[in-house]
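By letter and in written order, the chains are A, B, C and D; residue numbering begins at 1 in each of them.
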Amino acid sequence: MSIDGELVVFIICGGLSVIGALGMVLSRKAVHSALFIAMVMINLAILYIANSAPFLGMVQIIVYTGAVMMLFLFVLMVVGVDSSDSLIETIRGQRLFGILFGVALAILLIGGIGSSLGDKPDIGLKAANDEFGGNVEGIANLIFSDYLFAFQATAALLITAGLGAVILTHREAWKPKASQKELSVARFMVGAGHPGNKPNPGVYARHNAVNTPAILPDGSLALDSVPEPVRSRDDSLIVDHRAVSTVVELVESEDQN
Amino acid sequence: MSGSSFGFFGTDPWWMVILKAVAIFGMLVVLTLFTIWWERRVVSRMQNRIGPNRVGPAGLLQSLMDGFKLAFKEEIIPKSAHVAVYWIAPVISATAAFLAFAVIPFGPTVSIFGVETPLQLTDFPVSVLYVLAIASVGVYGLVLAGWSSGSTYPLLGGLRSTAQVISYEIAMGLSFVAVFLFAGSMSTSEIIAKQQPIWFAVILLPSFLIYVTSMVGETNRAPFDLPEAEGELVGGFHTEYSSLKFAMFFLAEYINMVTVSALAATLFLGGWLAPWPISLWDSANVGWWPILWWLLKVQLFIFMFIWLRATLPRLRYDQFMKFGWKILIPASLAWIFIVATARVFRDDFAFSNQQLLIAGAVVIAVLLIGSWLLQIRSDRKQAAIESEREQELLVPFDAMAGGHPVPPMPGQVLAYTPRRVLAAQSVAAQVIPPALDSTPTEETPNA
Amino acid sequence: MNVYTPILVLGILAFGFAVFSIVIASFTGPKRYNRAKYAAYECGIEPTPQPMGGGRFPVKFYLTAMMFIIFDIELVFLYPWAVSADALGAFGLIAIFLFLINLCLPYAFEWRRGGLEWD
Amino acid sequence: MDPIYYIYLATLLFSIGAIGVLVRRNAIIVFMSVELMLNAANLVFVAFARMNGNLDGQTVAFFVMVVAAAEVVVGLAIIVQVFRTRASASIDEPNLLKY
């Protein structure tokens, strides 16, 4: 077990990737586990480079960490960030048996592989890499000779992936996008509500927050000035400042609760 | 001029490696401060004002003092922020920005303190891919900063600028393909060695133009900086950042600008090779002079960034996403086809250069005219749809047209039956308040 | 001292500089608590934890990231071919030509279905 | 350094991924555990490529990466559809989609 550069790299990157993998499985927030697995992937890329596979290491970072994990983050940030796990277990004791199975799998594999591959010679890729002038050229030669069919099959696979994703998520707009002319016509149609732009929230009021309705010249509140999303949420959000004599009272009352 | 053999890289003594790394780090920080100052001066000169000239000689220390000022500003971490990710995002951005410079060549082999070494930190067969990989790790800083700030404006800003950087990263990657085709390798020093006779910008002009446009989009700069536009999303992904964490994003943006300019100079303008008139002087490409040529080329690109920012108005988000997806990518794909077939015809079927040029020109002309005709056809179709829909708008949908009452299709509206019209008027009456002292709860219209 | 240690040295330098300057900021800057300052920027109201956009899922980001993955894979297949194009010659050209045409199909489909338009 | 250690590391990562798939309930986390298992498989391919001295292992790892990316594209599209109909990304809901 000679202490050489590669062993140091293996210990650091291997340890970090195991920590990352555990972090990914155990972390509460989904985005944290996405970050942990991105860390695992970068460490694996370094291990590939240590195994004289520089092209594969770069591809791992560009395709896997750069694109696949980016898709995960996009979906996580907009979909399931706060959907934490429901703790009810549909199968009794699923958590316990899951962990037991995982540990048993690890022991089985390491035992099996350890005994069978113990004395495998480490030929190393020096010769293979230089045969065609470098790692990338070697891979290119292989792709375009032995693995040509797989290469074209991945193209077909990507067609189905692309089409499937677009069909699943992209909803065809029922009516074509309304042009500027149609929008203005619809705005002035009868019953379409307030054609002009509404008074800004907080105008003449003592507070410039968005949920403070403007006060009309005759003293009553202009509810239209509160933007629709705030109004649709619940009426308790709309703060009427006319009754409160000073803003300080309001701020302190909010500090208490 | 010794071509780049990999024998040179990886054999430097340890102190040389540290010296080179510190030199690159120092040069980058100084170059960033200089670029910030230079940008503010040039933009102000273009707008008939003077720009920073108080601090230090001609205002040169202005950006340094800005850095210190930012250090002493209060550190505001919003209550709703996810603190761990909030701290990691600027670190990722800044570190990725510096790391990309490890493979940029500054000069030929030169002797430093008696040791023969190339003026480049390191190089390996896939170094340009390394820069792409570091760029895609750098994008993490953007998206995490947006998300971890907690509120919706930075999240939207972060998602939008990430989507933009992603779209322009493809065009950038595709423009590399033509360069690798001609250089036969992906290592930066090899590419420069192959540009000795003629620069790639000359023989691969479309790739060069596509790269320059995607360079601007990749760094969220100039006409494509909508996610950080004041009017649009307040500050984009770094709205909630303050003091030195904000400075980290600022530093990362400017270093990214220098990195993509250095990459452009390396891949297309022959890195440290002397430009034409100076290259006649025989010792132009030997010794320490090439660093000057490299710096001039990078400053040329940075001046282009600044010029764009000072003159061009900001594009709308859907316009430059459309530009990124629908114009840059097809153009670079078509260009790769043309270049690849031209090379195969020249090597395997021994076409003469002159025939290839004619064939290439014909193909490009056909493509251009084809896309132009397509554009006209689709415009005409669009106008036809619009006018047809206008008639449809005027004639209200009649449910009883076929004798049997038919429900309206989505997008069609039922004719206004009298009852609805009456209800509409009563709603209108509500808006004019009946009395002075009505409390807000009664105000909600009961229609 | 192989080819990759200089990257590690520059990485440590950059990481150290970034962390050092961020940690310093918390000491050098003043600390004046003010409730309004620490509220997230939401035009003055407390952002109730709603799914972003009120439950409507902006699918444009997903479609862009998905198209990015497909073009990224195309890119990664193009590089080995580009580097050894002379050795592969006409045969390589035809293989890559078919590959690129195949990959333009989802791109064309999404273009036609309007997946690329940002509203 | 004996490359067998890479294979031990890969089996460790693979079993952690397996535990993740079995234990976690959030669909996206389960999906990430599958990605982790695929990465572990890639590491084994690279280690064997080095042991046997030819580049086939790396080429297969390269294809595994491409297929995994395509799989993520469609998998996340389905998860997004489940989120749109059920507003939650837990893995219990999808079987209700058939009603």
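Throughout what follows, a contact is a pair of C-beta atoms (placed from the backbone, for glycine too) under 8 Å apart; a residue touches a chain by one contact, two chains touch by 3 or more.
Quick caveat: nothing in here was measured; it's all calculated off a predicted structure.
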Handout entry: Remotest chain, chain C as reference, centres from CA atoms
Key = D
Exercise for the section: Could you tell me which chain's Cα centre is nearest to the average position of every protein Cα atom shown? Expected result: C
Fill in the blank from the handout: The larger set of C-beta contacts, choosing between A-C and A-B, lies at A-C
Practice task
Report the inter-chain centroid distance for chain A and chain B in whole angstrom, where each centroid is the mean of the CA atoms.
Solution key: 21
Practice task
Provide the C-alpha centroid distance between chain B and chain C, rounded to the nearest whole angstrom.
Solution key: 12
Completion exercise
Whole-angstrom distance, CA centroid of chain A to CA centroid of chain D, is 16
Completion exercise
Going by residue number, chain C touches two or more other chains at 2, 4, 42, 51-52, 57-59, 61-62, 65-70, 72-73, 75-77, 79, 83-84, 107, 119
Exercise for the section: Identify all positions of chain A at which a residue touches two or more other chains, and write them in rising order. Expected result: 55, 59, 62-63, 66-68, 70-71, 74-75, 77-79, 134-136, 139, 143, 154, 158, 161-162, 165, 169
Exercise for the section: Please list all residues of chain D that touch 2 or more other chains. Expected result: 62, 66, 69-70, 72-73, 76-77, 80, 83
Problem - Set of all touching chain pairs, with the criterion as stated earlier - result: A-B, A-C, A-D, B-C, C-D
Completion exercise
Counting only contacts in the complex, chain C reaches chain A at residues 2, 4, 35, 42-45, 48-54, 57-59, 61-63, 65-70, 72-77, 79-81, 83-84, 87-88, 91-92, 95, 98-99, 102-103, 105-107, 109-110, 113-115, 119
Problem - Touch list for chain A against partner chain B, complex - result: 29, 31-32, 35, 38, 42, 45, 54-55, 58-59, 61-62, 65-67, 70, 73-74, 77-78, 81, 134-136, 174-176, 179, 181-182, 185, 190-191, 193-194, 213, 216, 218-221, 223-224, 235, 238, 240
Completion exercise
The chain D residues in contact with chain C across the complex are 62, 66, 69-70, 72-73, 76-77, 80, 83-84, 87
Fill in the blank from the handout: Contacts from chain A onto chain D in the complex sit at residues 2, 4, 6-7, 10, 14, 17-18, 21-22, 24-25, 30, 33-34, 37, 40-41, 44, 47-48, 51-53, 55-56, 59-60, 63-64, 67-68, 71-72, 75-76, 79-80, 83-86, 90, 94-95, 97-99, 101-103, 105-106, 109-110, 113-114, 117-118, 120-125, 127-129, 135, 138-139, 142-143, 146-147, 150, 154, 157-158, 160-162, 164-165, 168-169
Practice task
Flag every residue of chain B that touches chain A in the complex, lowest number first.
Solution key: 82, 84-85, 88, 124-126, 129-130, 132-133, 136-137, 139-140, 143-144, 146-147, 155, 159, 162, 166, 185-186, 385-386, 389-390, 393, 410-411, 416, 420-421, 423-424, 427-428, 431, 433, 436, 438-441, 443-444
